[in-house]
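Note that subunit A is present in both complexes that follow, paired respectively with subunit B and with subunit C.
Up next is the complex of A and B:
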């Protein structure tokens, strides 16, 4: 376990929150809160807060609440009450200590997974309300340090991981060369104007997980896809600014992504197995810019694999034998409805899919998404303790035979690795692409 | 581009492009010179060995890697090439003298005489213009820029080292702009898109002063007013000042050095562009959420497009504007507030005839390419096509296509195209 990890209820000193709070005055806090409430949030916030009857149905939907023995402080309504509810009730007259706690709750005790919104009889979107709190804390300069650092990376490099402009094409060329040992005529076509598809990924792939680029290249070449990758910034579809509340930066990142695709004259953007990036390009970022729908259609990897297999463009040599289970990522399942396509793909490439329960749109969040894992090591144990219920869910499916855990989302993947390790699950956590690459027929 | 000197007499020239596939291990996607006389492609000539084939002739030099094959506007064939771990730029088969650890992002001046690239050498970053690298290099470089006249290079550069987790050091300002290699005197949180005055004396850029305060800086001096966001500046050739879209109170507006230029704000406003004579100013706008249009001198067209407007272009006389539009999942063209009836799977940037009377564009439908002119489709389907080029007097069109594996350079009288 990480030495920097804190115990569940220990106050975590985060440089981003602490230093930001030290600069605050009561006047600035009040002015900022009222500005957001009155000019950015408007009626939606008031309706949500006024409508809640504190029925408690949202509580049972929240993995933090369930994992903390039904502690009401971790219920969605409770989190709103401790943050935005108080800000509204006190008309913005809250102090810096209050704001520090509010920042921690909004940034690290809610994954914006929207499971609670599904169970709320009025459809109150607590994720939105927590996003409003994050927006306020952004404007007050008290975002947690690690995720703020990631937003800085986006602002300079237009990617999540400070990947420099030269490192990106260089990495793709390296992976192209590597993959030619397996498929001698393989290409990763850079800047191919007029290709059918632009393939976009998130920063960690070139930084730490270059094998995923390799696998995608094998898949594209084997399926005969007319594809390209940009050699310029705009290749990264991820977006931590969306989660810090820096809407202006989020818009800048998304504009570059879509305008890169438009410049390359592609008909679709196919994105890798990432959930939050899907939310950013499919819902939040595009809309902030004024695009009601993505201006270039977005196809998540799950849907792309589905199409390739269904159309017979990828053949399976031998199915994956070890029993698998599927974690449904919030953003592409509750947010994108891709759960049945994911199952079609998995049944096509695996011998035995054992469902975890609950599943599909009812699945528990991984507790990493919504920018929580990006708040870094200080919150690692809070995140792991906040999802004991996930470990219980996985132990149950493991008891029924599942040995491999498929998580078609980067944040889910990393968060579930932590759950897997800490709780001693000893499951193999994989992307769909890992298995697809392993079992597909690969032309010489 | 002096198109008058091109061969407008020969009605058709052909190159058997398909044959190259028998000659080489593989042939990458081809590129065609602006005058249509040369078709070229990167070809694999053996394991880990690449060269460039132009009109069937293989260049003498080969490299371990070649990418970014492109013609300059004046018809020179450029590429980025690597041997023994070093990278350089090749122009018509001749490599630059300078070698770098990596080169990328080639930029061309409007006339094609200048070629700029970003380079990294032993972990330091700079730009090189026509094989002359900046004397001063930096610890990081982004957003490279070359002026339209090819005289000035600029980029955002990192001036102060800061660890990834040193967020407050970053917010104090670590980034500046380097113009022709020399950095501004002031650092910013961020520096993004740039523009240069026509005399080259002033460079403007989008900057972020704090996490929340955006503005435009000219030669490193920010405008007095700040905004919640800005988009890249554009030089106004008549006033001699810079304009930029800025966001205030949730709306986008157009300002010139802080002064409101267009009275009406928009839900979105970007890609402002002056007509060639500088008298008219157009921008792509959203009049409200999800409703896109074009505004000319502040007045939006009546048409509303649901998905995307891009590739805006003025006619040479500056009186007409054409754009590529995407609505209901189909691509098309809009000219002067009117959307053409034909739709396609993809549409490239429209091209005006020199006399402003015709508009043509490369289009794609059902995996085949052709040319559309004035909303009428050329009845040939091609495996590949490039943008059409009008004769200077507007009576002829140059079509560059691949059909059945043969590259064809056709000169066609406009009146004869559609019978």
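Up next is the complex of A and C:
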């Protein structure tokens, strides 16, 4: 795998970018950039670019920068300089090669984690500026191939993983049957109108992580929750279109999700342990559709577990003994303030929580989120090399005794597994739900 | 030289004030209208409480994680900006001009203190210049305009300092002082010195987004 390592000077070959770029003309590039800057974009782009005094204080916020021995090309402002800054300075007159590099930087060298917004004295949102670059590359048809394929899946099937309409209820019924061997009266209620809660998940759960559906069903039944899952498209809360810059598709996906919950007349939507989906449902997609806050309350799994434990609806049989550490995912912590609730839950179910440093809002990103892991195998080593600092952070907490790494987010989970294997950390990466399922009392 | 000085300290002084104030208003209002036209959701996010929570954290030395990570930079930038802002307004010699032009009587800094504050601005400028040339992450972002801005900001202080102490040619440096001061004032709305105008708003927006939507700290 080392030959795929992302040397800063090396452009990784991605068919989506290459084939899209081959069709570009200078006129089309210029027209598209100007469209985004002047027609779609507003004051934020202008103010951010005018206000940045090139002080470089954002650099140390970025895990790519830290992991590449402080190479300035990986600093947040450095990435703006190589992409949007240049597009603005040249009034859109940039060539195909420039756009290829810009597409790679925006899509695979920034996780949109917004840590840098907390380090810039002016609060300049570089993640937003990188999203603007992604929007331009989307309109130019040069999004990396793998994530674009995922967006196509969203567009056709309204879920991320090409799960067919019959496969979805089939998977739920399969998991229901499996779980009934453990809790004979267990149900996964489909299409139950007027339930309190619609439980929604991301495409990978039915596709290859069906045990997560099983665990959720056990939890819901043990806690006596009045819940349902839709049997129709709209069950998937994930959203790669938000990360490719395909805002129109993002709107379609989120509308279907909210409309499904509205059709089922539920009081709220509870979602599994996913970060980017939370961002899309809670912050980005709803705003695109014109809602300041989600039209139906959104409860992330962390908050849901918190409520269940606090209200005593879930009892803990025996706490998890192996010392754990918590990775704070950007989208639910820096994006949703769930860090203290996560700690409450973990202290309730685990004997020993050892904090990694930095933590909470200042935690280092997993380097998988923001659609980067969805750009697929060509960029796997770019992610792993781009997050050496995460491995260092984890080795430090392991040295203080932590053995299990809790990551309450799908992207974080997968990204940290890669870090775990490559750097030889040998930690057990788990969701909160994995441990909760293991330690809770399960009534017959 | 006298005619030039009279022109600079007379008509051009008025012009520079008008350009500065009108230009600043124009920049701020046009951005405000642009937000209203394109990004109305920003108003829905804005919160007084979280705006000021954020601004307070970022105008207090060492109140943010990043400021604590860079103590020398933090001390220098606070000292630089405070002196840069206060010295021209409260300098005794400028107090006479405030009085003459606007009939405003301002409290004045003791001359010795103003002298030190001027040196702080100059030293801060030198520090920023060295930082810009020496640190890779800053050098990478630096363009010619960054050096020009630094020179533009330091020049009125340097020339004013030389003129006050009547070194070399007093009249020449006095004239240069007035001219460079006016150039800086007029440049504020139209260069990246406009961070003076926009920083409170970008800070307030990010503070509001973190406070009211993200329920997280932004420092």
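Just so it is clear, the second predicted complex is superposed on the first by the 434 of 444 C-alpha atoms of A that agree within 3 Å, B and C clash if a C-alpha of one lies under 4 Å from a C-alpha of the other, contacts with A are read in each partner's own complex, and residues count from 1 in each chain.
What we mean here is this: a contact is a pair of C-beta atoms (placed from the backbone, for glycine too) under 8 Å apart; a residue touches a chain by one contact, two chains touch by 3 or more.
Computed from a predicted structure; not experimentally measured.
Q: Touching A:251, do we find subunit B (first), subunit C (second), both, or neither?
A: first
Q: Which partner does A:77 contact after superposing on A: first (subunit B), second (subunit C), both, neither?
A: Second partner only, subunit C.
Q: Tell me the contact category for A:50 with respect to subunit B and subunit C: first, second, both or neither.
A: second
Q: For A:292, decide between first (touching subunit B), second (touching subunit C), both and neither.
A: both
Q: Can A:42 be said to touch subunit B (first), subunit C (second), both, or neither?
A: second
Q: Determine where on subunit A the residues touched by subunit B overlap those touched by subunit C, and list them.
A: In subunit A, residues 40, 287, 292 are touched by subunit B and also by subunit C.
Q: In the complex of these two chains, what residues of subunit C are touching subunit A?
A: 31-32, 34-35, 37-39, 41-42, 44-45, 54, 58, 64-66, 69-70, 73, 132, 135-143, 146, 192, 194-195, 198-199, 201-203, 205-207, 210, 213-219
Q: Considering only the defined contacts, which subunit A positions touch subunit C in the complex?
A: Within the complex, subunit A touches subunit C at residues 40-44, 46-48, 50-57, 59-61, 65, 70, 72-73, 75, 77-78, 81, 117-119, 121-125, 283, 287, 292, 333-339, 361-362.
Q: Please name which positions on subunit A make contact with subunit B in the complex.
A: 15-16, 19, 39-40, 138-139, 141, 145-146, 148-149, 152-153, 155-158, 162, 164-166, 169-170, 173, 184-185, 187, 189-192, 194, 231-233, 246, 248, 251-252, 255, 259, 262, 265, 267, 287, 289-293, 295-297
Q: Which subunit B residues qualify as touching subunit A in the complex?
A: Within the complex, subunit B contacts subunit A at residues 25-26, 28-29, 44, 47, 65, 67-68, 101-102, 104-105, 118, 120, 125, 140-142, 156, 158, 164-165, 167-168, 170-171, 175, 189-190, 192, 208, 211-212, 214, 228-229, 247, 249-250, 267-268, 270, 286, 289-290, 292, 306-308, 310, 326, 329, 345-346, 348, 364.
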